[in-house]
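Look at the two complexes coming up: chain A is in both, with chain B in one and chain C in the other.
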Partner chain A sequence: MTLFSAGVDVGTMMVKVVVLADGKDIVGIRMAKTGPDVNTIATGLIAEILKERGIDPGTQLHIVSTGAGRKNITNVIDSKTEFVAFARGARAADPNAHMVVDIGGQGLRVMELDDMGVMANFATNDKCSSGTGCFLDAMAFALRLQESEMADLGLKAHKVANIQATCTIFAESECISLVAKGVPKEEILAGLYGMVAKKIAGMVTRMGLKQDIVLAGGVSAYPGVVKAVENELKIKVFVPQNPEAVGALGAAVIAALVAKKRAGGG
Partner chain B sequence: MVTTAGIDLGSTYVKAVVMRDGKRIGWGVEQTGPDYEVCANSVLGKALDMAQVKREELDFILSTGYGRRTTKLAADTISEISANTEGTRFIAKEHGIHTIIDIGGQDTKVIALDDNLVQTNFAMNDKCAAGTGRFLEVLGRVLGITIDEMGPLSLKSTKKVEITTTCLVFAKSEVSALMNKGERKEDVIAGINRAIAKRLAMMAKKVGVKEKVFFDGGPARNVGMIKALEEELQVKLVVPDQPQIVTATGAAVLAAKKLAHKTAAAAAAAPP
Partner chain C sequence: MVKLFGKGDRHSRTESRESRTIASLKTKERRYMTEAMGANAAAQRERIISTCKAQIERQIGNMKALPGRSRSMEYFDKLADFYGPRAGEVKKFKETGGKVVGTLCVQVPAEIISAAGAVPVRFCQGIHEAVHPANELLGDAGLCPLAKSTLGTKMVEANPFLEMADLLVAPTPCDAKLKIGEILQDFMPVLLVNMPRAKVGETTRRQWLEEVRIIKDRVEELTGKNITRESLRASIETYQRARKAWSELSELRKTGRPMWGRDALLVSQAFGYDHLDRWTENVKALVADLTTSKVQVGDAEMPRILLAGSPIIWPNWKIPTLIEDSKGIIVADELCTATRLLYDPVVIDEWTMDGMMAALAERYMYPCTCPCFTPNQEREETIVNRCRDYKAEGVVFHVLRGCHLNSLDATRIELRLKKERIPMLKIESEYDEGDVEQIRTRIEAFIEMIVARKEFLI
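On to the complex of A and B.
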């Protein structure tokens, strides 16, 4: 009998759900904006996946939650920190991964994995919003750009604008005055990618750069940011197909393991 | 008769002070607009009107602040740290000040002084909006109140509400969430004041807090901020009547000193 498991990653911006069969085959990935009732959102996303794949909605599903709002999800067999979930998810996406960088809505996280895929070290930047998803959101607002334009418009720049501020709030003012000075938006954006990349490179280098880096989190879906990170670190990075769902994927893998262990033990 | 002016081009406000023979006779304060030169002209005009002095009567103009290099009005520039120290010396000489705390729109400074009010050390935060005037301004906007309403309202606080985040971006969400939870505005503002005071105190302790402590900059107009900082530092603060124009005052004083120096040098160089 197939064992179904689900990982629910309740982020500050998005709720991500991954459903797995037997802990390895992806049944479906779904996500939605975070709202006041994340439990209903998560349940709805799981139901959509099951319906789409023609699976009986009453099928037993083992759920593990993760993310900032993980405690708000009921009916789970366990909940794990983002670090543990992203580490596990990165290994599922790339069996050689030795480092994971998660660029999330409100946090930057770097995790080092040992050869067994167990998290050996981690660093986070949770006090400051600079370089996170909400940093780029604020800049999109200041530059009057759509999210789709934020992803790669900066790659077209011939020059990179120098942005002096680090703080999101100050960088916002700086972007506005750069626009007023007539600096092209793509140059400003290229400067912003560089800022995010520098911040990440600083965290990675402090921990000790390891080959086989997986870039995860919503911002990792931006080609401009990925390229800037590669330039900064001078190595190629691997970005999975759904980088924002890596945490949910990891949680789903863990859910299957826990369920198997319990079934075996009982 | 010597008439000088100091213009402090800050990130959020532009301030000007006119002095004549060691007396402050006029000043002006204006919100910073997109063009510093326009602001400098306008605010200096206000200070001159108040002083009833014509522009051509000014012997020397010195500019200071973040935008000090953007105006052609001034004959020379001076750093905010020097101008603020000089302004404190002018305003509160007899108080035995040993520490200055200045909260600006985008930066915060702590200056340590020796017994002669000469600067011995300083710390500055201009990298992060937490602990600056911007923190108050942005969160005030979230609450729908002006900076001037903040102080009196925060004194009505009866419940301790903590702001747990550091980053202003996160604090915005936190303040909204607190209001949605039904917390009262006065309690939230008092919490915001305390959050800034905490960050400032950390910085001040690195430099060393020695009494008396002088507190200036726009946020020193907020009585709640004064109270929170006094509680955090466990000292009584000396706050001037016009905390926003201390740095501009210092620039005007230094303008007179520079002028005297130049005149003396010219006299020495002149043929007999």
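On to the complex of A and C.
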């Protein structure tokens, strides 16, 4: 009998759901904006996936929640921190993963994995949002850019503007003054991506670079950011197809493991 | 009002010393406090006391609800109230002419204070609300919350123990303590102790011994009692008994889980202002109780944590509570408010006055692992050895924001622990509760990581 498991990652910006069959085959991935009632959002996303694949909605599903709002999800068999979930998800996405960088909405996390795929170390930003999704959102607003333009406009730059501030507020005013000076937006954007990359490289280097590195989290969907990180670390990084869902994937893998362990009397 | 020392003050050994200590107390005008300051003092005092009392009640309530807790902890619960019976006792002692001496850091040899017949009390504060008066005075000076809370509490007279202190002995380990000591001279007599910070060389040894002698002179002068060979010996032996009791309690935590780490920390906090013989008796009673009951708190899967870093001062129980709420158990610490204060006994070769003074100076500086010192490899050695002795599986290194020395030392310690394959989590935080959830996530991830590495599962 197929064992179905789901990972629910309640991030500060998005709720991500991954449903797995037998802990490895992806049944479906869905996401929605985080709202006040994340439980209903998550249940709705799971139901959509099951309906789309013609699976009986009454099928037993083992759920593990993760992310900042993990404790608001009911009917779970366990809940894990996003660190552990991203580590597990990265290994599922890339069997050679030894490091994973999660660039999320408000968090910047670096996790190291040992050969067994177990998280061996982690680091994160403190209270500061520098280099995260909401940092880039603030810059997009300052540059009057749409999210779709943010994704690859930075790639088109011939030169990279020098952004020195790391604080969200100061970087915003730096952007505005660069715009006023007539610096093209793509160059400013390339500069911002470079700044994010430097911040990530600092965390990765401090922990000790190990390959493969998986880039995850919503911001990793921007090719400009990926390129900047590769330039900074001077290596290739692996970006899964749905980088923002890596945490949910990890949680779904953990759910299957926990379910199997419990069924086995462990 | 500024309390001044009379003209009868005994002169210092050297002129430079006089200008550093007594002369500064004679400064008539307040350097920091203006007339405008303190307009809200009464309201602030009330708010600080009520929030502090509520915090104490909440934390004690949490700890009382912990399963498997020994009844002998009740004694320490009562002591945890700054406004409770112990404050009344010290007040009575003062009414009969007794003197109280505050100590601003762990390097002050309390034996000397007790030997002169005075009661030593720890001055450092852990009350969040009290940072506000200090912020009003200093703005954002980048000070750690401990320094701000201590200053703020004294500014608005919110803690009876601080108010009862006739003298503050303030070593100068870090910038914050140096300047807090200076500012507090606007409020009370302060003896700034010029503590050397390089733990090497004969000049350091000589200077520190001289400084310890100055402390002796000043407390003798305060109480009007000369410290004799007998009184100093009796005092040293009292502290030796206290430290022995603590090490017996710690011994129980080496392999088992006889008590929650929060409870052990509460016991050590009481050392800062309790009647010492009675404290020792109660620690012994706790040890006896735990030995007979053989109780084990929590469960065997809980990762054993060593808590290190910046001071954890009651009632700022944020980090220990988060660790133990996240299914970890604190089995040991490397904190100046607990084991650093209570671990190393004073070792006396010769029970002469010089022998005892030299031994005290030695005890309070060389084994002290405060990050203000360099070289300080004792610190990582202590942490590594203690992890081994107490079977700790991870180190939570807590840094109070603004405590630069601990933040700097964290790197050296983390690198050393990496070699030993002991994971370390550095947490930077203040006294307020605003970051509880972010820190909870990181501590949970740390605990999950240790568990997963044991189980090879997740």
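In the analysis below, the second predicted complex is superposed on the first by the 264 of 266 C-alpha atoms of A that agree within 3 Å, B and C clash if a C-alpha of one lies under 4 Å from a C-alpha of the other, contacts with A are read in each partner's own complex, and residues count from 1 in each chain.
Definition applied: contacts are C-beta pairs under 8 Å (C-beta built on N, C-alpha and C of every residue); 3 or more make two chains touch, one makes a residue touch a chain.
Since the model is a prediction, treat every value here as computed from it, not as a measurement.
*Asks:* Is the arrangement of chain B and chain C around the shared chain A a clash or a fit after superposition?
*Replies:* After superposition on chain A, which the two structures share, chain B runs into chain C.
*Asks:* Is A:83 touching anything from chain B or chain C once the two structures are fitted on A? First, second, both or neither.
*Replies:* A:83 contacts chain C only, not chain B.
*Asks:* In the overlaid three-chain picture, which partner chain does A:261 touch, first (chain B) or second (chain C), both, or neither?
*Replies:* second
*Asks:* Where does A:119 make contact in the superposed view: on chain B (first), on chain C (second), on both, or on neither?
*Replies:* A:119: touches chain C, not chain B.
*Asks:* Which partner chains sit in contact with A:180 here, chain B, chain C, both or neither? Use first/second/both/neither.
*Replies:* In the superposed model, A:180 contacts chain B only, not chain C.
*Asks:* In the superposed arrangement, does A:134 touch chain B (first), chain C (second), both or neither?
*Replies:* first
*Asks:* In the overlay, work out which of chain B or chain C sits against more residues of chain A.
*Replies:* Partner with more touched residues of chain A: C.
*Asks:* If the two structures are placed on top of each other, which part of chain C overlaps chain B: 63-71, 135-143, 351-359 or 387-395?
*Replies:* Between chain C and chain B, the clashing stretch is 135-143.
*Asks:* Can you give me the overlap between the chain B contact set and the chain C contact set on chain A?
*Replies:* Touching chain B and chain C on chain A: residues 127.
*Asks:* Report the residues of chain C in contact with chain A in the complex, numbered from low to high.
*Replies:* My answer: residues 423, 428, 435, 437-438, 441-442, 444-446, 448-449, 452-453, 456-458.
*Asks:* List the residues on chain A that touch chain B in their complex, please.
*Replies:* Touch residues, chain A against chain B: 106, 127-130, 134-135, 138, 166-170, 173, 177, 180.
*Asks:* Name, in rising order, each residue of chain B that touches chain A in their complex.
*Replies:* 11, 34, 106, 127-129, 134, 138, 165-170
*Asks:* In the complex of these two chains, what residues of chain A are touching chain C?
*Replies:* These residues of chain A touch chain C: 68, 80-84, 88, 114, 116, 118-122, 124, 126-127, 254, 257-258, 261.
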